[in-house]
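In order of appearance the chains are A, B, C, D and E, and numbering begins at 1 in each one.
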Amino acid sequence: MAIKRRDFLKLGGLTLVGTAASAAVENLLIKGEAKAEGYTSAPESLKGKRWALVIDVKKCKENQSTCGFKCIEACNVYHNIPNIPDPKKEIKWIWKDNFEHAFPEEGTNKYLVEKLEGIPFILLCNHCENPPCVRVCPTRATFKREDGIVMMDYHRCIGCRFCMAACPYGARSFNWYDPRKYLSKVNPLYPTRTKGVVEKCTLCYERLADGKVPACVEACPAKAIIFGDLNDPNSEVNKVLEERMAIRRKEELGTGPSVFYLID
Amino acid sequence: MYNANKVIPGIIIFILFFTAPIWLNFGRLEAIPQPELPKGEKKCVESKEYMRAYHMKLLDDWRKKAIRENQYIYINSKGEKYRISLQKTCLKCHNNREKFCDRCHNFVITHPDCWHCHFTKEEAKKWQ
Amino acid sequence: MALPKPDELLQNVNLNRTPSQHWMDIKTEFKPGTYCYAVEPQVMKDLGLPNLGSWQPHDEKWPLPENWKEIVRDAIKTRMERFRSFKLFMDICVRCGACADKCHFFLGTGDPKNMPVLRAELIRSIIKGEFSTFAKLFGRFAGARPLTEDVIKEWFFYFYQCTECRRCSVFCPYGIDTAEVTIIMREILHELGIAIDWAMKPVRFSHFIGNHIGIQPHTMKEIIEYLVADIEEITGVKIEVPFNKKGAEILFVPPSGDYFADPGIYNFMGYLILFHHLGLDYTISTYASESGNFGFFNKLELAKKLHAKIYEEAKRLKVKWILGGECGHMWRVWHQYHNTWYGPVNFLEVPKSPITGTVFEHAKDNKIIHICEFTADLIAHNKIKLDPSRNDHVIVTYHDSCNPARAMGFFEEPRFILKHVCNNFVEMPENTIREKTFCCGSGSGLNTDEYMEMRMRGGFPRANAVEYVHKKYGVNHLACICAIDRAVFPALMNYWVPGVDVCGVHELVGNAIVLDGEKERTTDLRYRPLKGKEEEV
Amino acid sequence: MNVGWSLLAVIVLLLIPWIGVGVLGLDSLFGIVIPYACFLVFIIGLIYKMIYWAKSPQPFKIPTTCGQQKSLSWIKHSRLESPFTTWEVVLRMFFEIVFFRSLFRNLRAELQGRRLIYGSAKWLWLGAILFHWSFFIILLRHLRLFTNPVPEIIQGLDFMDSFLQTLGVPPVYITDVLIIAGLTFLLLRRLVDPKVSYLSHGSDYFPLFLILSIAITGVLMRYAIKVDIYGVKHLTLGLVTLKPTIPDVKIGTIFYIHIFLVSVLAAYFPFSKLCHMVGVFFSPTRNMANNNRYVRHVNPWDYPVKYTTYCEWQERFRDLLEQAGLPIDDEWCKEQQQTQKTQ
Amino acid sequence: MIEKALRGSKKYWLWLAFLASIIFIGFLCYLKQWKVGLGITGMSRDVSWGFYIANFTFLVGVAAGAVMIVLPYYWHNYKEYGKITVLGEFLAVAAVLMCMLFIFVDLGQPMRALNVLRYPTPHSVFFFDACVLSGYLLLNILCGWTVLHSEYKGTKYPSWLKPFIYLAILWAPSIHIVTAFIYQGLPGRHFWLTAVMAPRFLASAFCAGPAFIIIAALLLKRVANFDPGKKAIEALSKTVAYAFIINVLLFFFELFTSFYSGIPSHKAPIKYLFVGLHGHAEWVPFMWAAAILAAVAIILLVIPATRKNEATLVLGCIAVFLACWIDKGIGLIVGGYTPTPFETITVYRPTLPEIGIALGVWALGFFVLSVLYKITIEVKKSKELVVKYNGILFKK
């Protein structure tokens, strides 16, 4: 009796397995799922190996009374950067400061200080060649792209702020609060950030994808910010740097900043 | 039956507990909301069935491709190309969060945190 | 039937090895020393119970009646209708195995059918196989099997290998009580006429004569008078013992083991000394001369029969309330069954200690009190003159007897007494005492000599704990409040832990009480010299 | 053997809706008819079971006392382990059912040579707690598919359960992880521990495999093989509002597999050991107070028994009693005879 | 064994209730932080780590310090530590738990915390720290619990545990070295960029951890009738003394390097902490308090008479513990961030809710510790078998 029952079960089981196998081929379970053909980049997008910015300090000095620091404003507006009154909790992607603060280790050289007195230095993420922030990030939420941009993935950031400790340039900001309360003008084409993540300049990666230069570069009326590929010998940045004298912030730390300041 | 004074209330509690879903709806049942599809647009980046089940996965893939691999164009199963951007592409058509996204999401209680960063134009007006 | 040496006995016990055969395929083997002899037919006849004539368990073919299957099926059905516990326990076991290594018989034998879950499965499988169509269909997969003669043999073997100690019930997440299953299974076997001799003969004695041992009234009086003489010799005080005294305040019912056998008699001397010291108005009855109840080990109806005498006697003697001696299963019956059987007991009064005035509120309906409750109350009120140094030759540990522990919750009272009557009290390891206490291995009517090997195995966990404190702290006395314990522990201790004596709690009380006008004692109640008095003896 | 058959049974059960819906397109059979039928079996079956147990009385008050009884006023009474009042019994049952108190006590005995040692053994308790609590929370959480609007409390529960956003979108339910961990432990324990393995029937493995496959199909449906949850709620809400419909959009077959396995579990529940869910409330060793000397418990089928009365006994030993100088009480016997006559 | 934590005296329950109420307050503060964001703390764009990470750093040391008992006991078979070894292991458990909680409350997106494990990043020290901390937690739970369980059963611990015990011993310094590496490998933070960071961490760990165990053991002796053994305490107090002196020495080496080299950026943080800089002197009193405590500790621990006296020993240990807490905790963090990369000063002061959350975490740690110690002591007592009955101790 028992044997008979077992045989029956076995037989039934086999039939079922066979049917199911053929059915599985028809992709039963995942009905409706489509397979995308793939992903690509747009033909018009700007492609480079190491994007860099060259800031002509002289032009900044000359035009500071008239330009209205359009570079900063354009960035703030474009990226929905909140305007937080408390300087301790500020979010800054691009901002200005004086020479002594921007280059503190040169601050004891009073002759240099005198010469560069009164010049607004436009500061932002240096998109270092060897970025310490990327090195320390435990989740690879901040990482270096192939084109040299030091990028942020806000979906992955856990808000540990190790990158802020590691960045020697103070280029990173943390969302201590929900930033939306501090927005006055909103660009609907760009998302805001959520509280608890670190953010910084991303060199307008999504503008590059659309074939546009970064917002600050575009906005500067004096064309004082030059954008280009450092790896491309024919790029404008390379030409300018070959001709003129440029310094980088905290050169001695070996981070290899991609933002140059023309000081002659 | 013995101990009926305890067993019968027990049975009633048992029935009430396992039929709770019926009673919880009692007198407060709301109609099943219909998400309002964008007017004018006939199709999404993929088929309706796929989008209904898999849109979140698609968005997640989009993010990884765009942010981490610098690939900003999605080619769908029919070979059509779309610019990857929640703000620029998705929300262009689905421009009403309340009538489209929230209707379903509130109905089935899935609260993705998309809206912490992303937003529709309409919404932005409120907190500007 | 030579009993193996202690070290040999455990050689083949491995708690983590199971037989390769399915348990349903393993036939029961009746090896000498592991089973009790079948009841003599005359005993059953005298009590008006069915019997199988002359047979023994090791017989190849048991003389079961023609319609045995029907009898068993009907018996099961009746029990299912009568006992919710049984019905429920048959349904809700999930076989989680928490009980597996809790049974002392399993720990001493390694036989998986001694795991409480499988012990219950012996009947559960039959209920499934006989009454459930579904389970019948799936057979062994669902744990069902047909009823065969081998099953009856297996039942006999394993349900007379459970001492109804309830240790498994403590650990079961649903409180499944194998003792309850065993009680009912023994009843079912009884309906076929199957019982064991050693558990049935005392029932017959108790039924017809009044106590398990069959001591007739005049003999009882004589024995007690001997004990009184001993007391006089040791203490110099003459004690009067009232028998069948009408109008006494309290009826005292001890287990017969206490006035019959060593070391129970010393305990009995302890009771007498205590009562005399208090000047208590009590009486002992030669009619209700047994507080233990072997009926309980066979059939609940028998249990009820045997103890009915106590209530008639209480009524006849017009006492106010009843005091019970130190006995184990007796207190399970008295505490959990008496009030249901004999209540409402409105011819007695709510027990009140005539010495301290304490009203025993918790026994207000049943009107019976445990002697340890009574004594602990006296000590707490400082009503007894005690000299604990008289027990200084004793290093005592306390064995919680299963039934008072797990069917009554009796833990602190005896400890409180011990603490006041002796100076050297040591507890056994914590997982072997209180509600986790181990059975002596011979409870529920299994303390017979033909069963010695199994007794030693079943008592092993308890003995092992005693051995531990014996070696570590020099414990030389095992105190207990159970007559069966006192009867079986000497053999068990002798086998596993030579050098440990067994005593009752009130024996130590008797040693410690300072009677009015007594002479200076040089020995304890056993005529052993007291500490520091060795030379005087 | 038992394991294999149980696994096979579950696989067969899995294939039924797979073919039924995937090949034959019997959506309404598997989405409506079977769930309704099985739910009814579950409810009626368990009610039947409760009445079945309640039909037998509990003749004696037999609580297992795991702590000091209430006796003398100065002795500390253990309320939970040896309850005296109904309230204490309720507390005991509460701890038993909610925290598995008895299992928490578990020990593990080992025989080392001639020494028995007892170890603490809380793993079974932990596995059981993980499994049962997760199951319960998952059950409650599923109310989000059966109510509209969903009660706040259920939403809160759902939020707390999916608090960890680690496995990407959607956030992982902690209880999903825990129930699978708990079930896996319980299963492995049954397979690995020789004692438990020996005493297990096929019917012990079957529910484990069944519940495990319910959990796994649920997890798959959430994280990998996704279904249109809007459509799912259409269906489930239709079920509880007694207006069952199969939504126009095809829901993935995995959903039907999931709901079919749940239905099987529901139907299997009352007729298996799983009925311990309600059975535990009936357990006389736990749900009775340890106070039989204080309050009398009545046995409805109690009957008088014939015993040796004093008079019969006195007649038998009359001579011996007289010789020993023990009193003879004829008065009592007369009284007894008279009362018998009047009766 | 856990059941032993469920039965206790009134004092025990009051203590737990007290801790629970602090945990509750901390939890309420945390709810606020959860809702509003880390903006409720005193941290800023420039001082982006604060009180939480300071406590974390200190507690990693306490956790690692337990090895000073475990190592002699298992490795050198120093029997005197037999009674307190489990205390050390359980202290490590509680301390690591607090560490993890401090990191957790410091996260901006706590629900994504497990991303660290989901995207393992070998070049991030933080990832390694997460690994070594959880590893150390598991190892100590395993070792402590198994050893205690064996004691409960009355057997020797199983031989399979040996490798884990040795691994735990090796693992202990690693947690603190890795934690030091979090700081000492960052360019541009002058105060942190020093190779003695790791050795200094170890030295302070090996005094703060044992100091806590001495305090705890002597406290348990008073409240729970637990005897840690005189010799054990004496030996351990020597460990504390030596380790603390090395710690102070290493600090002087730092001073020398900074001031003898005369590099301004290296001097600035130390100046800020001890004398103030650019008109800011917020942390000066704290740092001097630490210095005075250190001096007191050295005096009390070096002189044999005060070291052997239980009262002064406890005082010395408390001084060590507090000095390390200030120095390696808040001093380290604030010093690292001040001055900012722009050579300016942004003041950091913990806010009330921030302190509330930190207290909550400490209370939770002490809760776990109390429960574990309670179990330990009960198990050890249950082995004595001579029972305390109604307040009277029965002995043979």
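The working rule: a residue touches a chain if its C-beta (ideal position, glycine included) is under 8 Å from a C-beta of that chain, and two chains touch if they have at least 3 such contacts.
The shown structure was predicted, so the numbers you read here are calculated from the model rather than taken from an experiment.
Visitor: Going by the average position of its CA atoms, which chain sits the greatest distance from subunit E?
Guide: C
Visitor: Among the chains, which is located farthest from subunit D on the basis of C-alpha centroids?
Guide: Greatest centre separation from subunit D goes to chain A.
Visitor: Looking at chain pairs D-E and B-D, which one is connected by more C-beta pairs in contact?
Guide: B-D
Visitor: Which one chain sits nearest the middle, judging by mean Cα positions?
Guide: D
Visitor: Using CA atom averages as chain centres, what separation in Å is found between subunit B and subunit C?
Guide: The answer is 68 Å.
Visitor: State, to the nearest whole Å, the distance from the C-alpha centre of subunit A to the C-alpha centre of subunit D.
Guide: Whole-Å distance between the two chain centres: 57.
Visitor: Round to the nearest whole Å and give the separation of the Cα centres of subunit B and subunit D.
Guide: 37
Visitor: So, what's the distance in Å between the C-alpha centres of subunit C and subunit A?
Guide: The computed centroid separation for subunit A versus subunit C comes out at 82 Å.
Visitor: Indicate the residues of subunit A shared as contacts by at least two other chains.
Guide: Only 31-33, 194-195 qualify.
Visitor: Which subunit D residues sit where two or more other chains touch them?
Guide: 54-58, 105, 110, 118, 165, 226, 228, 250, 252
Visitor: Which residues does subunit B have that touch at least 2 chains other than itself?
Guide: Correct list: 2, 49, 52-54, 113.
Visitor: Which residues of subunit C touch subunit D once you look at their complex with the stated criterion?
Guide: Contact set of subunit C toward subunit D: 6-7, 10, 13-19, 23, 80-88, 91-98, 100-102, 107, 112, 115, 117-118, 121, 134, 138, 140-143, 166, 169-177, 180, 207-208, 210, 216-218, 221-222, 243-246, 286-287, 301, 304-306, 308-309, 312-313, 316, 335-341, 343-344, 358, 360-366, 368, 373, 376-377, 380, 405-413, 416, 429, 431-432, 435-436, 460-461, 464-465, 468.
Visitor: Can you name the residues of subunit B that touch subunit A in the complex?
Guide: 46-47, 49-50, 52-54, 58, 61, 63, 65-77, 79, 81, 83-88, 91, 113, 116-121, 124, 127-128
Visitor: Using the touch definition up top, name the residues of subunit A that touch subunit B in the complex.
Guide: Residues of subunit A touching subunit B: 31-42, 45, 143, 145-147, 151, 153-155, 180-181, 183-186, 188-195, 205-206, 209.
Visitor: Spell out the part of subunit D that touches subunit C in their complex, as residue ranges.
Guide: 2, 5, 49, 52-62, 64-72, 74-76, 78, 81-82, 84, 96, 100, 102-103, 105-111, 114-116, 118, 124, 128, 193-204, 271, 273, 275-276, 279-280, 282-286, 290-299, 301-302, 305-310, 313-314, 316-317, 320-321, 323-327, 329, 332
Visitor: Which positions of subunit E touch subunit D when the two form their complex?
Guide: Those residues of subunit E that touch subunit D are 1-3, 111-115, 117-118, 149, 152-155.
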